[in-house]
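Next up: some structures, all given as structure tokens.
Next, two complexes with chain A in common: one pairs it with chain B, the other with chain C.
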Partner chain A sequence: MRVLSVVTMTAVCLAFAGLLGLAVWHIAGSPAPVNLPGLLAENLDASGVEHPITAVLLNFRSYDTLLEIGVLVIAGIAGISMAKTTSLEDPDLRTSDSLLYALQRWFVPLMLVLAGYLLWAGSDRPGGAFQAGAVLAASGVMMRLGGIPMDFLRPGVLLRLGLALGFTVFLLVAVASALAGEVFLAYPAGFAKPLILVIETVLTFSIAMVLLALFVSAPVNRAQEPEEGEHE
Partner chain B sequence: MTIHLLYAFAGVALCGIGLFGFIRLDHLLRKLMAFNLMGSGVFLVLVGLAQRVGQPDPVPQALVLTGIVVAVAATALAVVLIRRYYHLSGQITLAEPGREPVKKPAADAHREGPTE
Partner chain C sequence: MTLWLMAGLLFTPLAWAVLTLLVDFRKGRVVTWLGILVQVLVSLALWAAVASDGGFYYFLGGWQAPLGIELRVDGLAVTFVLLTALVAAACGWHASVYLDPGKSWHRYFWPLFWFLWAGLNVVWLGGDLFNLYVGLELISLAAVGLVALGGQAAALRAAIRYLMAALLGSLAYLLGVALIYGQFGTLSLADVTALLSDGTVAAGQTFPLVLMLFGLALKTALFPMHGWLPPAHGIAKSPVSALLSALVVKASFYIAARLWLDLGGHLGGYELAQLIGVLGGLAVIWGSWLAFRQTKLKQVVAYSSVAQIGYLFLLFPLTWGVTDAISLQAQQGITLQVISHALAKAAMFLAAGNLIMSVGSNRVDALAGVSRFLPFSLFSFGLAGVSLMGLPPTGGFAAKWLLLQASLASGQWWWLGVLLAGGLLSAAYVFRVYQASFIDNTDTDHFFHPPKSLEVIPLILALLSLGLGLVAEPVLSVMALPFEGSSR
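Coming up: the complex of A and B.
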């Protein structure tokens, strides 16, 4: 019986992969209906940034990016609502690793500088808000593991502000351009670059905040302690 | 058959392996990892397939870039949920109600101590 189910599952997965492979082969054989890279290269000057990926993310398809930030914020809020707030100075959370502590003093400033560079580099070479946010969150995780208290991660005004900042500013720009008579999310001519820069900066903070909050919000209480819904 | 198509087919293979693990494995963390494997496969298919014209296409690359960050956040949320589920139920698998849980959690064993 068990062998039979494994065989069935293997067959199902092979069929799935085969079908997917067939589709990929079919798509690869047919010519692209639109020359997207060409179109992008023609319109790159109008986007306000020089790097095509950043132009796609924050100008041509900024609606997607706006919704993705929304998804991130919702994930962060859901994660925080799962957590019991424990003391950030809980000695269990600290690793008294002197090597980590020594490394941290070198790495944290370097990583902060790197995040800033990535954010700035996004305008004309690979980089941007998402990479910078990830690096910022990683340095935050390292500080957290090393036991550096970060009070702004407690549920409170600062945490809410940090989580919502990116999405709010993005949405405000979108609505403002719509009210001014343009299309929703169309930047007014001449203001594209500064607006994109502002949005990227607040996005970096919000992305880092969401990822860090999700890391911190994993419940740290021990299984022995009774919780609500558990019978003692 | 170009090198980019090879990436796409590697993505297809990852999707298949991930699907198998997602159905087959019991432990929730392993399920989550298998699901992430499927996601990585989708990213590979997107990026690999889009390069078949010879030059990289920035549109799928931008989609995958944001997709990776969203996937990381979703994975973190799933880990938070799994830990919460473990704290509440003491189980690491999705056992059907009425059946014995597959495995007793280690924390319980510690608390009870060896049976006398």
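Coming up: the complex of A and C.
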């Protein structure tokens, strides 16, 4: 029985891979009728940034990015909703390893500088808020694993404010242009670059908060609610 | 004016998600009432604007497709926006009374609720394949968060299972989108359709479409991929179950239907259409049968959703290779089915929540004697059941009547059996609940009386679902409005 299911699964996977390969082969043989990269290059000057990926993420398809940040905030909310203690600090996870501690004193400032660099680099080369936020969150994770007390991470209003900050600023910029009679998310002429920079900066912070909150809050779960109609 | 309405429609749910995140449950409740009022008014105004002036494209950020993202604001989309506003307002109102403000984790209900609403509007209006994916992600993650909210191991298990199914579905859809982008070089659904119809691109392969439809069918819980739905919808709090069954599963179906109607004629085939139809038919029979067999009240309602979702997939065979008139009839029937099921199922879950609250047990046989104490909620449950069975003059009847005519006119008489058996089986599981509630059990006289507002909300929804059959004509006429998309 077990052999049969393994054989079936292998057959399904092989068939899937084969069909996928065939589809890619077919696509590779015929050029796409719409030249989107060309169109992107023509409009890059109007976007306010020099790197095409940042231009797509923060200007041409900024609606997608706004909603994706929303998805991250949802993940953060779902994560901290599981934590029912007042502090997300878990004393069991603290260590007093002096070597780790010494290493961190070197690493954490370096990683903060790296995050700042990645954020700035996004305007004309690969980089940007997501990468910088990930590095920032990673330094937080390292601090926690290394036993630096992080009692500031409580599921209180400050954490929630931090989660929502990037999203809120992005949303306010989006609606400001709509109030002026433009469409949603249209940057006013000449302000694209500074606005994108502001959005990227607060996004970096909020993305880092979401990722860190998810890492920190995951195992803390005590109080529970019974199913409807069942007694506590 | 429409520019402001569109901005309001997109902005309000997202802004209220942030506002409610910052306050506790009680304040969030007041803030939400205000937000519901705004959003319902904006949705109504937009619906009225489209009903009088016709649909339009809305270019976000001022960038036209294919470079930017376009929203397709047509009669069908605004009808679903309005339906979402109605059902979400009812569920939000119900939840504000139903949920216990003393439990600290309930504060997170409101932001998730608003994100869910935002995601639904993204999907109804989306005209860009990748943007639709983002909308699906918003919906799935918010829904999973709502299922897991404050739950025990069983709720977490159901939520994780739901998350896995939803993620697999999303990834399959995304892979299909990537292949479509590779082939056509654009993500705009309208552009892809135009390229296919004027023959610039040879239709070629069905594989991307099949992948996307598979992913979406998994997210819609089409038989035999429905295993994740009953645990998730059954264990969530009743207002959440109502939102999930009434709206969330419809979002992925809506995308599948739009893809099929635009691309199915070029990339689909008779066998594919019939296969999807057969799975839908099996879902109707098997889901209804399982609903009849459940011992827990909310599981009955959840399996009934599996069955009612099955009807929706009859769209695929009834619109492939038929004349435009028959296709239109089938589309109208399915749209009415979506609307009437959304209203009826929301009413049913909310009424079930009230019944469970009053008898203090989630089992069907614990309802004995409840008919004397809670006639309103039981009445709403029954009215919603009448619409699910498809008796006149309900919306369910109008929907099934149109589907029946479309099946006969296209010579696909075999779907008649599905329509008939589904109606009879749904009568069976609704009457089973009624039978349990009418047993006069003198031993139990301890009933909790829910507040009146909790009883009124499902009644309103059930009456709307009942009355839909009477106003089907004007509702359908807005959806069939000519679309001013040619000047784009």
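In this text, the second predicted complex is superposed on the first by the 212 of 232 C-alpha atoms of A that agree within 3 Å, B and C clash if a C-alpha of one lies under 4 Å from a C-alpha of the other, contacts with A are read in each partner's own complex, and residues count from 1 in each chain.
Please note the rule applied: contacts are C-beta pairs under 8 Å (C-beta built on N, C-alpha and C of every residue); 3 or more make two chains touch, one makes a residue touch a chain.
Note that this is a predicted model, so its numbers are computed, not measured.
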| item | value |
| --- | --- |
| First, second, both or neither for A:V113, with chain B first and chain C second | neither |
| First (chain B), second (chain C), both or neither touched by A:L103 | neither |
| Which of chain B and chain C A:S62 touches, first, second, both or neither | second |
| First (chain B), second (chain C), both or neither touched by A:G21 | first |
| Which of chain B and chain C A:L158 touches, first, second, both or neither | neither |
| Chain B versus chain C as contact partner of A:F130, first or second or both or neither | first |
| Which of chain B and chain C A:A186 touches, first, second, both or neither | second |
| Chain B versus chain C as contact partner of A:A176, first or second or both or neither | neither |
| Partner chain(s) touched by A:V6 [first = chain B, second = chain C, both, neither] | first |
| Chain B and chain C footprints on chain A, overlapping residues | 20, 24, 27, 32, 35-36, 40, 60-61, 64, 68, 71, 75, 78, 82, 224, 227, 229-230 |
| Touching residues on chain B, where the partner in the complex is chain A | 5, 8-9, 12-13, 15-17, 19-20, 23-24, 45, 49, 52-53, 55-59, 61-63, 65-66, 68-70, 72-74, 76-77, 79-81, 83-84, 86-88, 90, 105, 107-108, 111 |
| Chain A to chain B touching residues, read off their complex | 6, 9-10, 12-14, 16-17, 20-21, 24, 27-28, 32, 35-37, 40, 52-53, 55-57, 60-61, 64-65, 68, 71-72, 75-76, 78-79, 82-83, 128, 130-131, 133-134, 207, 210-211, 214-215, 217-219, 221-224, 227, 229-230 |
| Of all residues in chain A, those that touch chain C in their complex | 19-20, 22-24, 26-27, 30, 32-36, 39-40, 43, 59-64, 66-68, 70-71, 73-75, 77-78, 80-82, 84, 157, 160-161, 163-164, 167-168, 171, 174-175, 178-179, 181-187, 224-231 |
| Complex contacts: residues of chain C adjacent to chain A | 3-4, 6-7, 10-11, 14-15, 17-18, 21-22, 58-63, 66-69, 103-105, 108, 111-112, 115, 118-119, 122, 130-131, 134-135, 137-138, 141-142, 144-145, 148-152, 154-155, 175, 179, 182-186, 191, 195, 200-202, 204-205, 207-208, 235, 237-238, 297-298, 353, 356-357, 359-363, 366 |
